[in-house]
Structures are given as structure tokens and as C-alpha cells.
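Note that the chains are named A, B, C and D in the order they appear, and that numbering of residues resets to 1 at the start of each chain.
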Amino acid sequence: MHNVENSIREAAKKLLSEKKVDLIVGYERGTLPLRTTPCFVDKAEDVRKLVWNENCDANLSKYLLSRKENVGVVAKGCDARSIAVCIFEKQIDKEKVVIIGAPCLGLIDKKKVKAKLDGRELLEATIEDEQIRLKGEGFELVFPKKDFICNSCLTCRHRNPPIYDVFTGEKVSEAEVDEFGEIADLEAKPAKERWEHFKEELDKCIRCYACREVCPLCYCKTCFVDQTMPIWFGKTNDLSDTMIYHLVRAFHVAGRCVDCGACSRACPMNINLREVVKKTEKIMKERYDYTAGLSLEKIPPLGEFKIDDSQEFIK
Amino acid sequence: MDKLGSVMVIGGGVAGVQASLDLADSNFKVYLVDSLPSIGGTMAQLDKTFPTNDCAMCILAPKLVAAGRHQNISLLTNANLKHVEGKAGHFKATLTRRSRRVDEDKCTGCGVCAQKCPVEALDKFNEGLSKGGAVYVRYPQAVPLIYIINKEKCLGCGICEEVCKAGAIRYDQKDEELQLDVGSIILATGFDEFDPSLKTEYGYGRHLNVVSSIEFERLLSASGPHAGLVLRPSDGDIPRKIAFIQCVGSRDATCGTDYCSSVCCMYATKEAVIAKEHMNQIEPTIFLMDVRAYGKDFDKYIERAENEYGVRFVRCRVSSIEEVPETRNLKIKYEPEDGKLIQEEFNLVVLTVGIKPSESNKELAEKLGVELDKFGFFKTQTFTPISTSKPGIFVCGVASSPKDIPETVTQASAASTGVGELLASARGTLVKKKEYPKERDVRGQPPRIGVFICHCGINIGGVIDVPSVVEYAQTLPNVVHACDNLYTCSSDTQEIVKNRIQEYGLNRVIVASCSPRTHEPLFQETIKEAGLNRYLFEMANIRDQCSWVHMHDHKAATEKAKDLMRMAVAKAREIEPLERVALGVTRRGLVIGGGLAGITAALALAKQGFEVDLIEKNKELGGFLRKIHYTLENDDTQEYLRAMIDNVYSNELIKVFLNSKVENVSGYVGNFKTTVTLDSGSEVKRELEHGIIIVATGGEEYHPNEYLYGKDHRVLTQLELENRITVAADEKFGNVVMIQCVGSRNDEHPYCSRMCCGEAVKNSLKVKEKDPEANVYVLFRDIRTYGIMEEDYKRAREAGVIFIRYEEENKPKLAKIKSEGKEDLQVSVFEPIIQEDIIIDADLLVLSAAVIPPQENGTLAKMLKVPLNEDGFFLEAHAKLRPVDFATEGIFVCGMAHSPKPIEESISQAKAAVSRACTLLTKDTIEAEGIIATVNPNRCTACELCMLVCAYNAIEIEETKRGKVAKVNSALCKGCGACAATCRCSAIDLKGFTDMQMNLIINTLR
Amino acid sequence: MKPAEKEWTPKILAFLCNWCSYAGADLAGISRMQYPPNIRVVRVPCSGRVNPYFIIKALQRGWDGVLVSGCHPGDCHYISGNLVARRRFAVLKDLLEYLGIESGRLNFSWVSAAEGEKFATVVKEVVEKVKALGPAERLVKR
Amino acid sequence: MVVFQMVWKVIGKNKIPTLIQELNKEYEVFTPVKKENLVFFERVSSGNEAFLDFQNTKKSPKEVFFPQTEILFTYEINKQGVEIEKAPVLKRDIVLLGIRPCDAKGFLLLDKFFSSGEYKDLYYLEKRRNTTIIGLACNRPLSTCFCTSMGGAPFGKEGMDLLLQDINDKYLIETVTERGEKLIKKLPWLKDAENGDIDKVRSLSRNVEKAIKSKVSVEGVSKKLDGMFDNKQWDLIHEKCLGCGVCTYLCPTCCCFDILDEATTKWKRVRIWDSCQFSCFTLQGSGYNPRPSGKERMRQRIMHKFNYFPKNYGENFCVGCGRCVQECPVNFDIREVVEAISTDIWREKDE
């Protein structure tokens, strides 16, 4: 980790001092345990602010959209993939971005930690040797780190960024994982039960749009729910409106979503939003053998077609 | 002498319709004459078409409707030519129009007469397989949709007269005579099917379960007698084993049909595939001599039929068919290549009937004074494939020789170019432009909707409570007038509509009646005449999709009609006037490629008065044709080419750029800009402006790696042999072995090069002519001497040329055998009939090398934004009906750039491309569609997804003050709306079908 | 049961492409094929015009079922509108079903201009399916 | 002013369900409810649902008076014109049990917003007027709680009618208002508190208040902000903010809303929450947006809370509950901003 952190700082320093970039987007320490916060460094001497750890959970590609200056960005595998999608979609200028790729073995899911602490407040956390030490008022607990890894990281097949300009640290081995295993149980249920499940889950939604705003692919100037003339769908927290909001958002990221997990992490209501978007990833894989964010040239599934595409649902 | 700007097209099949449309679109007045009561010809009878399995009616119907509506086309159906005099530029024709016993002006095509007719007459369209009344239309989508009374069947009972509320029945209507003055005539008479009962050994007419392929086609059709179910005639069972017998009335001297019908291998395969698609239990077997899949992408189709659908191909002639009395199954005796006689039982036998010259050709030829060939097709020459023996009279399609639909359509366009060249000076003199009152500006006004609800005689009124729908419509928002009419489409009601528009100040009009597909243009015309923009119109289909399909539930049908009314009003409240933007046209052409096709195209354009830039990459014109010296008919190709090139250089309108290549293309239809680089020592760049582009980049001969080519001087390609034959005075050839399909139909080039079989036959005949002692062996996979070429194949066999078939997996082998200090070439090939290898010592080994696409096609395709097929040839917009167009408007393809083909086909295609180009170049402005996509720049993120899904390259990204945004080119947009539905940001909308309108329609649910 | 439910007959919204399916529906009429009166047709130029919003909005507004019908692959009047749409519909249908919307409410078909009978059959089947499901509830906004 | 007798009662923790059961007969009772790991304020139908062993609820209780979606009325358009049908009014009075002092203070700020000036918000006020608030003092404030900096306290009584104070196995109930007293009178079975317990609570209150470490010097911030509208720091601090509505939606005082018409079988006029952090919040019909970027929107949030509101109503528009700090997806911490303004770092950097 420190090794990577140092080389990120070095890379950033080099890029800034050689004037290859005007700005580095990275992570700095947050104000709460297990948190980092995005930071913007434009002076070489400030690179020491940059940190690298299991809490660097924001997908920084969001900060590259429609930037005018040259930017260096710290990117995990998933972040780099979403940058690739945005480059294809012309939302990020390839010429203006330097991707400082970093290997990632998984982020800590602070919600999992909270669940474990069951209402007790976490005041301090340290991670060492695959162990995590959680301290609060009247407790000090040690758990294996793996108990708290984000679900999106558990199904990750691209721990090393598939595209980058500078690679920091050493490449890590990719895991053999069951990519879509986590939604298999749900898929196997009858439609009514799935409906009940999503109804309960999405009923929690307060339409704060944190999921949308953290998502690098949600760059529409006016989101469909905010559009008028016509108003397609309501903005209320009525279940039907909420369902449709999440359904359409999932549809919109179909073939583009890299499962960075940012939406799920951002949700203040603990809705497992990945459960919805994960399905689109699976559809794309199974129907069109496509994985998003691995190439800057390949046309995404909804931008092309084959004459013999599957059509079992069409009479 | 003054030429006339009008044309008579005889025959309303796909050829006649295409020729008429091209001519009418390039400002000629067209009289389209058909002896049948409706146009559409044979293609309207087809179920699906190979190799794309397109639904024939789906793709043909829009053309028929366009022809029916075109203001420069007069349809003269149920009419025959009586007499013609005059000459090129001015013919006087006399026609007889037979009585329909129905008033064409009054019949609305509502069909009540046919519903009520008590007579059951066999339906000719369905090949006698189903029954219709004595008053009928040939097929449901008939153009013109006017009924006709079959006087032989009619009882004169008077029922139809009684039920026809339009008063269109005229039992006393007489035949009438008609005089036409036209500048030129096109013959598009199509063909007759061979009568299979003439081949008595197949038992057609005796055995119930032996059907002709055309009958089978109707059986397969969704609109056929069993609605697509394949049921055999004897007992209505599903036939499991079906045999297709090929060449029934083709390649058969015993019937006087020595030619190949060209289409049967493919259409039989198509029928087999579709039968299999309809009912998977069917096992089709096709008995044939050769698989003649010579067309573009045909071999791929055959391969799929064999491997994916399990269609069995057996090479043999079937000797006899016997019926098994108990089961009515059929026993077929045949001898496969290995000579063992086999007997196999089938449930159904389909006789793949060949093409026969139309019976009417003889009479027509006489009246017109044109020559027929020995079979009865109109005679043409290699270099003039669309000219008859008489100037001013052109021919296209199967009227001149058997051919498939794309060839036919190509020739139809080519014939139109023939006319254009002849009558260029009279173009536009006989077409009239309709004048309309000034359009009322209704923008910003609150909608004032007028609703006209049609009874359609009793068609609607007999089921739906029309007055209650009128009453309901009056309660809907913004409706200021609603009324009902007996026939809204009748001319007196049209006047009423116009008056009401004025009286009530209507600014939106809704007609609730039949289908917008047939009647929208009529009503749009009416409101336009009343000063409203044509798009301020909406229809509710309460007949075809309501009263006719819910005939027994009056209440539900009325409720549905009200719902449809509410939906129409919801949409009408949001419709806006749309503009068809007029775009200027640079009346100048660009032809890329200076081979036969390019030269032909350039000359054809220049002859019609258009300037042309002709770009050739080499230092001289001529291309592939430079290597061909004679034709099968012994015409001198080099002489022809020299004459053509002279014409090019002497024509002031043509500018030739040699050693040149296209560097960049920008712009769009009517307004292209092209940068050309001239390499004449130093590079020079030129900017050219033009309205259309014709791609004629040609093909190249494959340089074989096989059979020691290039390593042994005795191994030649066909073109090299041809050169040698021409140059050498009296050479002794000895043993000449020709190997076909070298570099074709393999993994690298999976297609058939189409011209090599003809080349081999031609050159072997020439060898035999020069040196009768020479032995010529042609080793082939299938001999594909389609059409009239079949005769030459026969001639070659008669001349002693030996043809030996080989299988793909058992290719001929070449060995060098040392004997007496020299090395002999020895070819061994497995002979399937004697089932043994035979060995031939070859003095010359001639390779029929493939035709391959030039490498630069790829770069050019990218520049033009047009596609290539998998093989690297340019891919046309539609394999069947748009063979020389690209999806991108204003760009056309011809010659070998499209696919390998012989001389006459390249010439036809080049002229066809010019005809299509002339539909644009003859206009001052091109009118863009009104219904097109528009971009809301406030929402657009320029993600380019719309560009990916647009099939017409109609969207580009533009740099604006607000950053990059998509922009729709209204000249290219066809209004499909794929972009609008794909855009995540809803930044694109489709005029005429806007999100707002759709939203309101969906919201009408109560 | 409320009286309104007793009288319930499904209402199905159908988007038909102008060139094939709408023509097929016309042909069904011309051939006087009878089918249940539950569908309401919206004519669109191409199945490619059908935005997923149309379908979702229809479900939210309480249409009991939706049918989208276009040209068979290869027949599209606009070359490939139906093929682009096919992918879009595949994803939408998979997603809606995953969320638990009854699969019978979303129907897609290819109906050519010559397939009047097929159109009638499709409508019959769709109406049967929707009838069996009962009135739409899951995504409906009251 | 009505003078009333301050009474102290006591209730065993095991009796809370009984209490709720009884209140339920007459009132709509809302209490904290635990769902999975989160605690929300919800309408309860039985006493067992209440969960009082929490630090603070995920969402603020403002939605009881100011629901996220509220139908104002329904209407139909016909040939005669528009026919309006009012939305149903409150059926029973409300009791909120378990409100933290910060949230109760939040209600007082919302009251100012919804009832001051010419226009009174009847939808809010009707519910508010008919509600009795039973607060619950904080024994275990979070590390992010800064209520004391905002004029509140973990045992604060502002905005409460009754205040429960936790001592081991029982709660002391302190009557704060007449309304509270009325309610107490309906519960004669409650025992009186003993003096020892009252003393215990008082010392506990002092200790807990001392234990709050998170301090923000808000003194003078409002004034300082007067001159900072164009401060360059706005350009920097908003940069990581993504513009979601987590902070404003969870905030007990943020109360911006939008009103729109919706078509179902009938037309509805609906009020929904809105957030100044959303890009379309100030988007005008013409396409013009006076707050085009995150900078203006972030400035609006800070200015509204610490400058505009204090100017209009004399108080900061923040109660220090810390929800926004806890839940911000990118760890934007409002405390840092206020602190920086207060300590003049901004002014120095701007110069």
C-alpha cells in the first residue's frame, strides 16, 4: 500500500513539475474513520497530501468529465474502465488525461463495518496485515479485513487497470470469481418474489440522486427525471416513480456500467443498487458477450447489432 | 424533329415499376401499361426473396404505392397495346383498355362487393389454390386498389351493384381505345412460367402431390391459401419429405429451352429453407445438376441451407416419378453421380419450373418491329444490354433473358438511362407542377381540430355506431367540429373537408376511416389545397384495424373507435406544421474508377447534359476490360473499349483525372466536395464539387499461390491465356487443362467470381477454334453458365471440350514428372462418375483465378461512409430492390466494385447508377423529408451514440458556442427515429412522432 | 371484488411500425380476420422509434400490456432500425422481468406486411396472456 | 403566557410499549424504528416497534410535517373548467416520541420558515399545531454532533413538549410545555420522579455536554459571510461536491420544495422535496440557470444556513446534528467550511 502511495505521489509530482498536467485528482485523508476524500493537487509540493489505501472509494472519473485542463487521475481498475467508457463516449478527452493506474485488492465497505458494530460508533480504525482493528467507546475489535471488502470488489476481474498511462506499484494477480453469482438467487425466484424484494428495497429510496451523481456515466445535462416537455416520469418517492427511476438508470448504464460500486456505496439508505445494475452487466455479457470499459474502440452493444442477435422474446 | 418528354412502359412488374419511378423522378411523363388489372407482376406473388429472405410484399409495396401516387405516372391497367407507329423521339401508340365493369373514379376499394359476391371463382393470384369472388382484386394490397368484375364468372345477379354505396359498379362499361404520344418505349414484359405438365414424366396434373414451385411459393406465403402452413394438396397433411426437381423447363433441349433460367437453384433453396422455417419436421431434398449460386452472397446462402437447415442437395437428373396409390406419396427414381440407381419416396414433389419468354412477346415484337432471339426473348447485344433492335425501344428484366430481381431492377434503371440519353432535350416538357394556395401560418395558434368520421359505406357504419363516435369527438378538448361522411375519400367529401377548414377556421384535421398507409397522402393533399400544411393531419384507423376485425362485437368496436379517436385528438393537439427543406443540387457528377463501368457511367451522364469528373488511379482508362479481348459472341472488346475511351476524351462535359486518387470526401447528397490528388510527377490537389458520386472501382484478378503459378511458365490465368490466344497466330495448344474456382469459393474468398465459368467456356471454344486438335479439359465444381450462356456451355461440350467435376475437398492436384530431361505437368483429379482418379498430362494449365476487390476499397468506403461486405466489395442499400444505391443518399455503386460480373452486367449497372443519380441531378433542389430528427442542443452531450445507430450517416457532431452537439443533416435523415429512441438524454426528437405526442397518446388511458 | 374489477377487460397498447406490422394489421382487416378488441394501435415509422420510455410509461399509466411489432430482421424499411431496437428491447425486457414485472405484459413480434394472419394470432395470444395475468398493478401509479 | 406546573414523571423502559399502546388510541404515534441497521422515524401501530436505543435517526423527522411527497389537491378538467378536490385533512393528532434535541430545535427553525410573513403554509402548520413532541435526551452523542456549537445541547428542551431522559432502566419525563402537561395528565399511571433521579439527570446532562468534542466556532460567521459572496474559496470547496441531495434531504432544517402537476387517472398537484444542490433547482424555462455550477449551489447552501437565514430569522439554519457530515458520499464536511470562515482563513487566502 505504502509502496503504491509513494509511487502515486512520485508520479503526480513528476507530472506536475514537468507540466504534463495542470492538476492531479487523487485522494486525501477524510475527516472520519475509514474515509478518504477526493483532493485536487495543482502544486508539486502538495503531492504529499495524496493517500492510497482501502478507503479510496470514490470513482474519480466523475471529476474528469468536461474538464478543460490537463489532468492526472488516480484510478483503480474499475475507475480506469469507466474512464475508458467516457473516452469512447467523448466525455473525456483522451489527450488531456493521464491515468495513474493503481492495483486494487478491494475496498473496505464501511456499511459492512457499521452493520458489524450494530449502532456503536466507530471512532478509529486501523488496517494492518489483512486485519482491521475497530475502536470505539468501550470496544476494540479485530476482524479479518476480508470480512469487510465491498461486494463489487469481490466480483472484480480487473484489479489492475486495463488502460493507464502510468502504473504505480506492482500488478496484482486477477481473481477467478463468479461475476454474476450474487444475483443468481434473486434471478431464480419467481417474478412475484422478485417484485416484493425490489419493492421493499427501493421503497427506501429518498430520491437524493447520490447514486446518479457519483456515477461517472450519469453525465446527461438534464437527467430524464428532471426533464419537462414531456414529463415522462414523476420525481416523487412514490414506489412506481422510484422503481422507474432506478429501472431507467439501470437501462441507461447498460453496456457501460463497470460495476465500480459507487452507487451502492453512496446510497444513504443502504439500498443495494448494484443488484439492479449488475443485471444489465449480465445481460450484456450473456447476450452480446460484452464487458464495458476494456477498450477505447469497441462499440458498446446498444450502439450496434448483429443480424443474428438473440430474439427468443420476439414472436 | 421535336422529341417528346414522355415514355410508355409496358409491363407493371418490378422492372416496369422501377423504370417508371426512375423516369418520373427525373422529370419524364410515364404511362405504365399493364395487361392485368393491377401492377406488381410476379414479385407480388412471391413470399420471400433470396438471399436475405426478405418479405417480398414488404419491400415491393412501397414502390407500388409510390408508382400509384406519382404525379408523373399514369397507370393504365387492364390495357393492351394495339398498334404503334412512329420512331425514336415520337411514337404514336394505340391501346385498348378492357372494361373492368367498375368505375375507376368511383371505386374506393372498400371491398364490400367482393364480400357479398355469391360466386366462388378460383383465385389466380394464389395459383388456383384458394377461392375468391367474381368481383375481386388480384391481391389485398393491389395497386390501383380498384375492383374488377370477371365477366366469365359473373352471374349478373346485381348484388354488388346494390351493396356498392359509391355507385361504382358499371355492368355496361365498354372497352375503350386510347391514343398515346410518347418519345420512347420500355418493354418490361417479364416472363411466363414453364408449364410443368409438358414434362409428362413428372406427372404434374396427374399426381395431386406434385406441385409447381410457384404454387409452392403461394403455399409458403402468410397471405397464401393456408396462411403459411405447408399442407399437401391430396389430404392436407404436413409433408415430411419434400423433393424439389430442378431444371423443369430449363437447360432442356427437349422443350426448346436450352438456356438456364438463372434463378431456380436459389429460389428452390429459398423455398426449402422457408418450408423448414415454417415447419421444422420437413426434410427437403433438391435434385439438381449444378448449384448455380453465382450471385453476390449466394454461396453463403446455399451453405447455410445445407449446414444450418439441413437441406439435402443431390446431383442428378430425375428420370421418373410414380405415385403410390394408397398414400399418394411419390416414388422418385434417380441416378446419383456414382451411377447407382436409387428409388426414394417423398410426400410432396415440387417441380422447380423455369422461366419462359412471355407469350405476349411475339405479338409485341411484331407490332413494335423489334427482333426476338431464338427462344422468344427480346434480342439485345453484349455492349447494349438494354437496347432492342429498334432505336427508341428499350427492354429490361426477364423480357430479354432470365434473371433475378436485382438484375431486373438494375436493368430497369438502366433502361431509364437509355430513355434519358435519347430524350434529354425533352426532359421536363410534359410534366406539370401543381400549384397550391399559400400555406396558412398556424404556429402559436391554439389547436382548432376538425374531425371527419367515415362510414365507408357499411364497412365502418355497419359495425361501429358512427354518430356516437361523432358525439364523443365533440366532447374532446380542442375539437371545434366533428361530423360523419358516407365516404370521406370521395371527391365531393374532399370539397366538404376544404369548406369546413375555412368555415370553422380549422388548423388540425383528423379523418377517422381506413388506413393512413393508403389514404393519408390523399387527405394531406386535400388540406394542402385548403392552405394547411400537409402535416397538420392525423388519421384514426377505425376500419382496417377496428370495424373489419371486430365485426361481431359492435359495442366493443365502438368503444375502441372512441379510444382511437381520443388518441388521435391527443396527438393532433401537439402536431406542428413541418417543412420539407429544399436543398440546392450541384448538377455535376463524380465517377470514381475509369474501367468499363466508370466510363459507361461518365458517358451516360454526359449524354444527358451533366458535367462529370472521372477519376482513374492508373495512367490510362480501361481497367479490367483491357485484359479481355473478345466475348462469347466474338465481339471485339478492345475495339469497343477504344471507341468508348475516344468518346470520353472528345466529350467536353467529361474531365478525366488519371493517376489520381480520392483524398477526402465531405458534404452530402446534392452538395459533395471531394479532394483528389493527382500524381503526375509531383502531387497536385484538386477540389471538386458535385451532387452525386458513382463508385466504380472495379475488381482485380487474383494472383494465385496455387498450382505453381508464377513458378512455371506453362501455368497461366484465363486472362493470360486470352492474351496469348489473341497474340499468337497459329499456336498448337496440345492438352489444355483449366481449373475453375482458383481462389474463389474457398475460405479466403468464399464467394463465386461469377465470370470464370463463362471465361473458361469462351476460351476453350477459342482454343478449339484455333487448334481443333487441342484437348481441352475443364475441371469445375459447378458450371455456372447461367442464362443464355448455357448454350455456349452446350456448344463447348459439342466441340469436344471435356468437363470434369471435382469436389471442394478433393481438389485437382498438380505434379511435375521428370521424363526425358524435361518436366511434364501432370494433373490428377477424382472423377465422380467413374469413381477414380484420372490423370492428364497438361501442356498448358489455365487457372480461372478469382476476381478480388481492390485493396483501396476499404479507405474509400470509410471516406464515403458506406459499407463493404465481408468479401471487401461495396454493399448496396438493399440486395433486391436497391442494387446500385447506398443507404447514404447520393452515392451509387456499379460494376465489379459491387461484385464480380461480366461485361453486359457491368454496363447495365453503370447505366442504372446513372439513372438513380439522374433522379437527383435533374432537380434544382432536393426536398428533404418533413419527418426528420431534431436535436435539442441544451440536452445533447455529444456522446455520439446516435451516430452509431443511424443507418444513413445523417448525424454529425458540430462545434458550437455551447460546445459539441449533434446535428441532423436534413438531407440525409429518413425519419426512422432510431436515434431519438436511443438517446439517453432525450436530446433528439422525431418530428411528426415526437416524445410529447407519444406521451400524450399513452396518457389517454382512462 | 370491486365492481370495476368485475368488468375489467384488458387494454393493450401496441406500437406498430408503419411499413410491416401496421401493414400486416391492415391486411388482417382486409382479410376480415377477427381478433379481440383490446388493442389500441400507435403507428410509428419504425420499431426503432420505440423509446423504452413509451413502454415503461404505458405500464406506469396502467395499460395492462404492451405490444411492439416491427419488420422481420432484414426487412426494415430503414435498413436496421428494427435490429437496433431488438437489442434495446432485449435489455429492457430482461430488466423489467428481473424487477418482477410479469413477462406477459411486454410483448414483441415481427409481423410482415403479408402476415395478416400472424398479426391476428399475435393479438389473440397477447390478449389471452394479459387476461390470465389480470389487471396491471406492479408498476402502476395510482 | 400560561404558567404551568413543571412535573417530573418516571417510566420504566419496559413500560414504553404500554405507553405507546395507550397513546395510539388517541394519536398517530411516530417513534424511531429499527430497520436492518438503520433507524427511522415511522408511524407505529404497536408498542414493540419503537426502538429507543439509538444515537440518531438516519433521516430527520421533518417529513412528518413536511412529507417528501405531498398531494396538495386533485382536480379534473372538463368542458365546464377545472374542478378541484382537496386532499384529505389530518384525522387525528400526532405524537412524536423519541425526538432528539437537535431535531426538536430543527422544528422551531422550520416553524419560522413555514409560518412567518404573509403566506402561512397550512399543510405544514396543520400537522405541526396538532402534534405533541416527546423528546429523548442524548446520552451518547456521535463524534460528529456539534449541537452545542449551534446553540443546542444534548439535553436541550427547546421545541419539546416533554423530554425523556435516560437513566439506566428508566426514563425521567420532564414536562416542558402545557401541551406536554396535558398529555401527562392523560397518563395517570405514570409515577412521579424521585429527587435523586432528577439530580442524576442533571449531572449526566453536564457530563454529556462536556463530552461533545466536535466544536465549530460559528460566532460571527454570519457577519463575515456578508463580504464573502465573491470569495475565491467558493471555487475550490465545491469541487469535490457532486451535487447530490444527501445533505439537504437528511438535514432537519432544509425545506426547499417543488410543486408540480401529475397526470394519473386524475390530475394531482403535488409538492415534493427539492434541493438547492441539484443542478436543475434554479433552472429556468428559458434554459438559463442563475446558479450554473456547483460553486453557486454550494455557496447557496452555506449562505442560506449561515447568512441569509440568520439575517431573516435571527438564527443559524443548522442544528449541528452531523447527518450531512456522516452521510456525504465524498466526505464533504460542513464543519471545516464554517471553521475556516470563522477563523478568517478564507479572507487571508482571498487576499
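Throughout what follows, contacts are C-beta pairs under 8 Å (C-beta built on N, C-alpha and C of every residue); 3 or more make two chains touch, one makes a residue touch a chain.
Model, not experiment: these values are computed from the prediction.
Innermost chain of the displayed assembly, by C-alpha centre distance to the whole-protein C-alpha centre, is C.
The leading chain pair by number of C-beta pairs in contact is B-C. In this assembly, the C-alpha centroid of chain C lies 48 Å from the C-alpha centroid of chain D. Inter-chain centre distance (chain B to chain D, centres taken as mean C-alpha positions): 73 Å. Centre-to-centre, using mean CA coordinates, chain A is 31 Å away from chain D. Our note on geometry: chain A versus chain C, Cα centroid distance of 36 Å, whole angstroms. The set of chain D residues that touch two or more partner chains comprises 265. In chain C, the residues that reach two or more other chains under the touch definition are 52-53, 57, 61-62, 74, 80, 84, 88, 141. In chain B, the positions touching at least two other chains are 938, 949, 982, 986, 995, 999, 1003. Contact residues on chain B toward chain C in their complex (touch as defined above): 47, 52-59, 61-62, 111, 115, 140-141, 221-223, 227-228, 515-518, 541, 543-546, 548-553, 556-557, 559-560, 563-564, 567, 877-878, 887, 931, 949, 951-952, 974-978, 980-982, 986, 990, 992-993, 995, 998-999, 1001-1003, 1005.
Taken together, the chain C residues at the contact with chain A in this complex read 52-53, 56-57, 60, 73-74, 80, 83-84, 86-103, 107-110, 122, 125, 138-141. The touching residues of chain A, counted against chain B in their complex, run 66, 89-91, 219-222, 224, 227, 229-232, 252, 299, 302-304. In the complex of the two chains, the chain A residues touching chain D come out as 30-32, 35-40, 58, 62-63, 111, 114-115, 118-119, 121, 123, 137, 206-210, 212-214, 222-223, 226, 231, 234-238, 262, 265-266, 268-270.
Contact residues of chain B toward chain A in the complex are 938-945, 948-949, 957, 963-964, 982, 984-987, 995-996, 999-1000.
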